[in-house]
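Read through the structures below before going on.
Two complexes are shown next, each including chain A; its partner changes from chain B in the first to chain C in the second.
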Partner chain A sequence: MIRRIYLTSKLNDAVIDYFSLSRFQLHHGKARCSKSTSCCCFFSVMEERSSIVKTPLNNVLTQRRSKSYRRSMRSCVEATNLGYTSGHLTALRIPRSRRTPKSRDITKQVDPDQVALLVTKEWELSYVTPLYQFRHTQLKSYSKHLSAFIVSEKQQGLAIEVGQELGFKVNFSVVLGLAETDEDAETVFIQILSKHAFAAKDDAQKVVWSGWLTCVNGDLEYLRSLPSEFVSLPLLCTRGPESLTVLVKSWFEKTFDCCFGPLGINSTNLQWLAALWIGCHPTINIQYLKLVWTLPTLPPMDVKYTIHPQDAWELWDSVRQDDTTDVSIEEVTRFIKGLQSHFFRHFRIELSAGSLMQVSTALGSSHHSGKIKIASPTYITTILQLLTECALLKMPI
Partner chain B sequence: MCFLVQLVKNEEQFQQKLADTVLQEKNVNVRLARSLPLPMENDESRPRIDLVVFIIHLTSELSFQSAETSLKYLDPGYFQGKVCFLVTNARNVSVPPERLVSVRKLAASLHCPLLCTEDQTTEGVTTAAHRLLAILKVAAGLVPMATGLYSDIDQQKFE
Partner chain C sequence: MAKASNLTRTDLDSSFESYLSVSSRTSNRSLRVAEKERRKSQTGDPFVLALKYFSEVEAGTPCSGNDVLERNLVLVERVGLSRGLPPEAISVMLDYAMSLRMGGVMCVRVLKFLIPATVVPQEAVVRAVSWLCVGKIAISTQVLFLRWVLTVFDMIDSKDHLRAIYGFIFSFVTEESLSPYICHLLYLLTRRESVRPFRVRKLLDLQTKMGRQPFLLLLLSLYKVFYPELVTLALPSRMRSGFKNHNSTWKVALSAVQKRNNGQVSSDISLTLGLKDKTNSRKRKFHHLELPSLSSSIQSNSSSRSRKVFPLEQLHSFPQLLDNLHCIELPSQMGSLLGSSLALCYLDYVQDDSAFLRLNFWLGHALHEEFLFCSGDGGSGSSSEALHFLNRLLSTQHFLQEGFSSTEGFLYKFLNVWDGSLLRPQILGLLSDIPVVPSSCISQLLFEPLMQLFFTSTLFFKCSVIDCLNSMLLKWLTWHSVYALEDGLDISLNSHTPMNMTLSGFMDSVMELVRFVGRLATVGLQLEGCHSLLLSFILDFYETVCDMFLKYGLPLVVMPPVGVFYPALFATDPVSVDRLGYIMYRYKKNLTSAKCQQQETKQAFHISRQTYQEFNHYLLFMVSCLWNSKMFLPGMAIEVDQELLALSKVPEPWTSFDLIHHPAFLGCALDFHHKCWPERKDIDLNSIKAGKQWDWYPEFLFSQGFQGLQQFVQSSINRRSAAGINGQRGSQPTNSYWLHHLENNIFP
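Here is the complex of A and B:
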């Protein structure tokens, strides 16, 4: 190997090549050198430094606190390659395997009426940075403040609909029981009620906007590292007119000094959700598994791929090697690759050249742009745990 | 000097634009390919290849996979400074972060430089072409006191 490089490079480079190869040998121990040089001259062109340094023959082991700390530090360094900033000392990991979800009757822990508020509706997701001095005990005063804020903001707008604004009423409530660990804050549910523009005086107010902030099984190291005045509820789900969403977010930003941002569900997480729903098939009939891909052709082509649940279940079962409690990302990828290769065999279209946009079953549907619908409350905690993790990873802090 | 570009189907616009920009420099030959190995017919007339660039579009999984399979057809002598990875759409929200991590691990394990580029604007393509030309000059041996073996100086160590 050495001889080949020596001959093919130009004459003025030949000497440098030999030195660089010897550096290679001392650092990495991979290139075999017929003559071993004991001293090494650094001709480091980029750093403009020439010094005689005796490089160590082995990698120097650094002190580490614990294996998991190091792994998590490395994963956050891998993720940024920008060195350490104060935010990235909160190490976040991208998990490679998850526990199989067990179907659980959530109504034992949570009030069924409140569960009914959360399911069968399509929510739009955002991430929230930690809230400063948010108290679960002061929800009534928050309701009053927010309704006053909405009314005052609406009156500044150009098109004033008198009947509607004055009837704004905001409800903050707590949904107890969704939090999994001690570090999770309790879910807060917000409803904005108002009367329809042409409603009569006695008509009840209807819900025009609803949203909820939640944290389910958030990363424990991160939650413990937050200062005590901060409450972390990283996932916000909203439903309703965009104007009201913007108002609610700006009120939160002013009151609790937090930031909001859109949360998309990338293709890996969509695949996790598909695997989760398929895994539920023996207990609950999912009726269909529909996957939607977008291919970057001109014009862009959407492929809707609907699979019979029994076939999908058989494929998933064959991919799942043993009945362990963990599902790994390799099994999920293999499942999706099986579906893609089947499609390719029939239609000669390679789906992996495009991106996965939507996954839906009878149990729920999730879209790449950050919309999720949970149709059945059985696996709600697993889905919320996945989404909380997405929100924590997406957050800039 | 010669320089081979490598890609997956349907994404030829970036490859073409990049090739056109690079060709504005004198004495550079660019050959484009969709995958390796290169066809046997032109083997005699092909000039010496100084740099092999793999273009990976992070938005599609297929791009990464075809780059990985093509790597096996490359002579090991090329991996000492004559291979470069070019990645587009690294900042895209829809790209799962694991894909970029695996591309970086691949580049680090092969000790090859990894460039991130932006392919939608002309400035992005021009910047990418300039950086590739800089690496090409080193790989072809035209820069004194530098060889392609230094290309992994700023790569992180992936254990």
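Here is the complex of A and C:
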């Protein structure tokens, strides 16, 4: 308690850089308002619900439909994990606690060149249902097909021979070593290179689009329950023009009978990310912790709240109950509550009434709409694990 | 010539065979055998002689001024245009024309009247194509010939020899003016084995030379169906319509001949391409609800290149499905199956786990994205699409007679956020399809959200919920009866799967459902003031419930709660009372046969004593209230203090719900009274109770169509005693029958 008071008083010393009322950015604010207010409220309700009622794990296997009673049994299995009224929210699917982020030099397992491709870029997130008959051994032929597909879609009504030299070149490659467990499928990295129409022969091709499909520490039971023809790489990160993203997705849908959907990061997960990054502070200087809230006022108000890393760390340290390796959701909530009450004390604005939209530190940043940037390769697996969880929670069955 | 026109077609056919032997006419053999029996000697037939002339005429015979030729030609032409040429004639004439024995002019003339009466022998076409290879024929004539082949394509008796010369036909594709027709012909002939990389490359070369020609693209798109790994293309929407028809020259004559032969050969001359056209042109950012189009997968092809496969895209009829059942290949996107009932037939047949899983992933994704995550543009614009989609899903589920598990999972989530009005018929329809839910979670998954919706919405919603639960129960019971029959009463189904449900588990679920509806109905009737519409839906439900034992073999009898029974008994409309009578009658039937079975087999099952008691209570009350005019007596279900009754100042309150005074039957009673005593001005309904009228009155009621009441009375009331005794209060009907039968239960 004393420590808390000490802390807040210390925070007092102008750790808050600024907060801006978005009244000054009315145009911007309005656009967001319509989206965020309606969306957020809905999401908070929906996601809670969907997570609760989420079909679990072993039922995927028993998906086999039949007109018999077998089906019902599946529902039974399903139901045991439902309990949305009781406190134990799907313990299987929504983790109540996580391991503290462990610093891991990923470059020891993964080719540093490939890691360099993944970090320091902002990626847009999508979830993917399991891929049917995806084989890591076929990547070469996938490259050929995807490039032919892109060209033929771009030039409607022109048949394209697969394997021909085209304006686009697609590279599929495996990022070995990112997978954590045996059940995790290896990450697949896709690059689309384009040759300028008038480029000279030896001109280097330019990367116009890149994306990767990954699965890090995916729920074991879920992954094991899938039949062997399916490969689950639930998280897709993309970067590049939207039109190419659409084409790539549509090719995947046609080829592997999977479906894509946007993957937003809800407030709870943003809070987790904030806590995970703060937890890294003793080993890597996070430099700052910046949180952005949007409050449902008229006009909507964006609050940008920047905290000195040392203060944040001390607050975090004080809410940590013991030195176990696990961080619980209660600790995360307490941490955010602490920040919010401090803010309230100064500005009389209840941040908990709004929704957390963005979290950023020097280690990376993430946005509610499903964008993430990972700046340092050290904690990449921790973050990917969290995102894999989010993606798996979106699976329809 | 006059004689020729009198010839019947069969005569022609048979007369031919004596002259000509066209070797390879394999089909129509049975027809031929039949014709042979009726064969007459027709050697003198001028038509036959004419054909003989054409088959034997020497090359180089001049045609101008050749009267014999002219005569014969006119003869054949007339037959051809009026009733069509028999196969042999086609063969002879085609050979004559294409060999250019009398020059190109003749060829064109002959081709124009080459209307087949029945079929075209494929050997004739093959020979004609071989003449084409000689290369003497003028291009325009070649085009005419190809158009003719395309027109009569469906009438060619078999196509295997034509397919065998696929390569020869393919070689014409480079001929610029022939190319469209050749492509069309190839399109019709192409099988998986005819698609070769060098042909693909040839066509792509042509494409670079000739530009984006629809005929090339259509042929290539077919190649893509068979070998998606060789070629890829996106057909623009304007090109999706298919090939043009080239039948203009023969169209009129052909349809006239076909009409005349009243469609003995079912030939569909519209050779359109079965490419699915996109239904919605409206641009949406997200297409969750759009069915993917059927297309074969790159994946499986590469693994099974040698095996003969039949892509679903090529499937157009049920016989085709049956012929290719062993080698059908599932499409690359399972969601596309939802649009085709043929494909669904196949899906139902294969029972492929992965296929269902893929379909469920797609379906679940579409439903979640559209209705739960709402990540698309959502809003009002998509409601018609959503409607369309759900209707299609519903019809698919009805076709397969089961619900998809992804729909089920979706519904459990959606019920919690549903406002009860969005797409109500569809959602409730889907809800009624969900399979048996185990009793342990049925309340949480289904009842709690439904209850909230039920109590807070309109009468019509209440009715549709009850209706939905009724059809859900019906489906569950049907599943049960099917599987109980298959496996006997022991429902530990399919011992090789870990999943099964015991009979008692199933019964628990049904019990829960029936009780839940009982609760809903009780409160619903109170809330809506016993609305007869709602009551009618509730009685529908109990009509299902009362017959569970006899109709569906489920050893379970659940009585309606008092909150349903009494409102139905005291309903102001006779229909409800009548239906209640029917329901009680069925309950009695079920209980009696259950009891019989129980006594016979000793251990079959046990219907609780309480059920019998409840039934007896209801029965006693119903009989004494409707028949014996006894109510509110001590020991009956409804007891009212005598003094309190006296306060109401209703004279003889115990009679107010008998068959005569019951508000539902009052009109009938008045009617009956009027018929008995037409001249009486003062109406005394009680007089019906005396003497013969009391015997007649029920008959009168039954004649008004109250069948349920009739069955109830006949099964539960013993009127034999009534005939003898004319004691006080009319006859003394008793329910002694029942007292006798269920004695031990009435007096436990």
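Observations, loosely collected:
By definition in this document, the second predicted complex is superposed on the first by the 288 of 397 C-alpha atoms of A that agree within 3 Å, B and C clash if a C-alpha of one lies under 4 Å from a C-alpha of the other, contacts with A are read in each partner's own complex, and residues count from 1 in each chain.
Keep this in mind: a contact is a pair of C-beta atoms (placed from the backbone, for glycine too) under 8 Å apart; a residue touches a chain by one contact, two chains touch by 3 or more.
This structure is a prediction, so every number in the text was calculated from the model and none was measured.
In the superposition on chain A, contact is made by A:296 with chain B only, not with chain C. When the shared chain is aligned, no partner comes close enough to touch A:325: not chain B, not chain C. Contacts of A:368 after superposition on the shared chain: chain B is touched, whereas chain C is not.
Looking at the superposed arrangement, the partner reaching more residues of chain A, out of chain B and chain C, is C.
Looking at the shared chain after the overlay, A:354 reaches chain B, while chain C stays out of its contact range. Looking at the shared chain after the overlay, A:137 reaches neither chain B nor chain C.
By the touch criterion defined above, A:266 reaches chain B but does not reach chain C.
Residue contacts after overlaying the shared chain place A:257 against chain C, while chain B stays out of touching range. Comparing the two interfaces of chain A, the one with chain B and the one with chain C have residues 45-46, 74, 78-79 in common.
Listed in rising order, the residues of chain A touching chain C in the complex are 42, 45-46, 49-50, 53, 55, 59-60, 62-76, 78-80, 82-85, 129-130, 132-133, 141, 145, 148-149, 152-153, 156-162, 227, 229-230, 253-259, 261-262, 394-397.
Residues 1, 4-5, 9-10, 12-13, 16-17, 20-21, 24, 43-46, 74, 77-79, 81, 94, 264, 266-269, 295-297, 329, 350, 352-355, 368, 393 of chain A touch chain B in their complex. Chain contact summary for the complex, chain B toward chain A: residues 8-11, 59-63, 65, 77, 80, 93-98, 101, 104, 141, 144-147, 149-150, 153, 156, 158-159.
If you check the complex, the residues on chain C that touch chain A are 200-201, 203-204, 207, 212, 216-217, 220-221, 224, 229-236, 239, 292, 295, 297-300, 302, 332-335, 351, 353-354, 356-358, 360-369, 372-375, 401-402, 404-406, 408-410, 412-413, 416-417, 435-438, 440-441, 444-445, 479, 482-483, 491, 493-494, 497-501, 505-506, 509.
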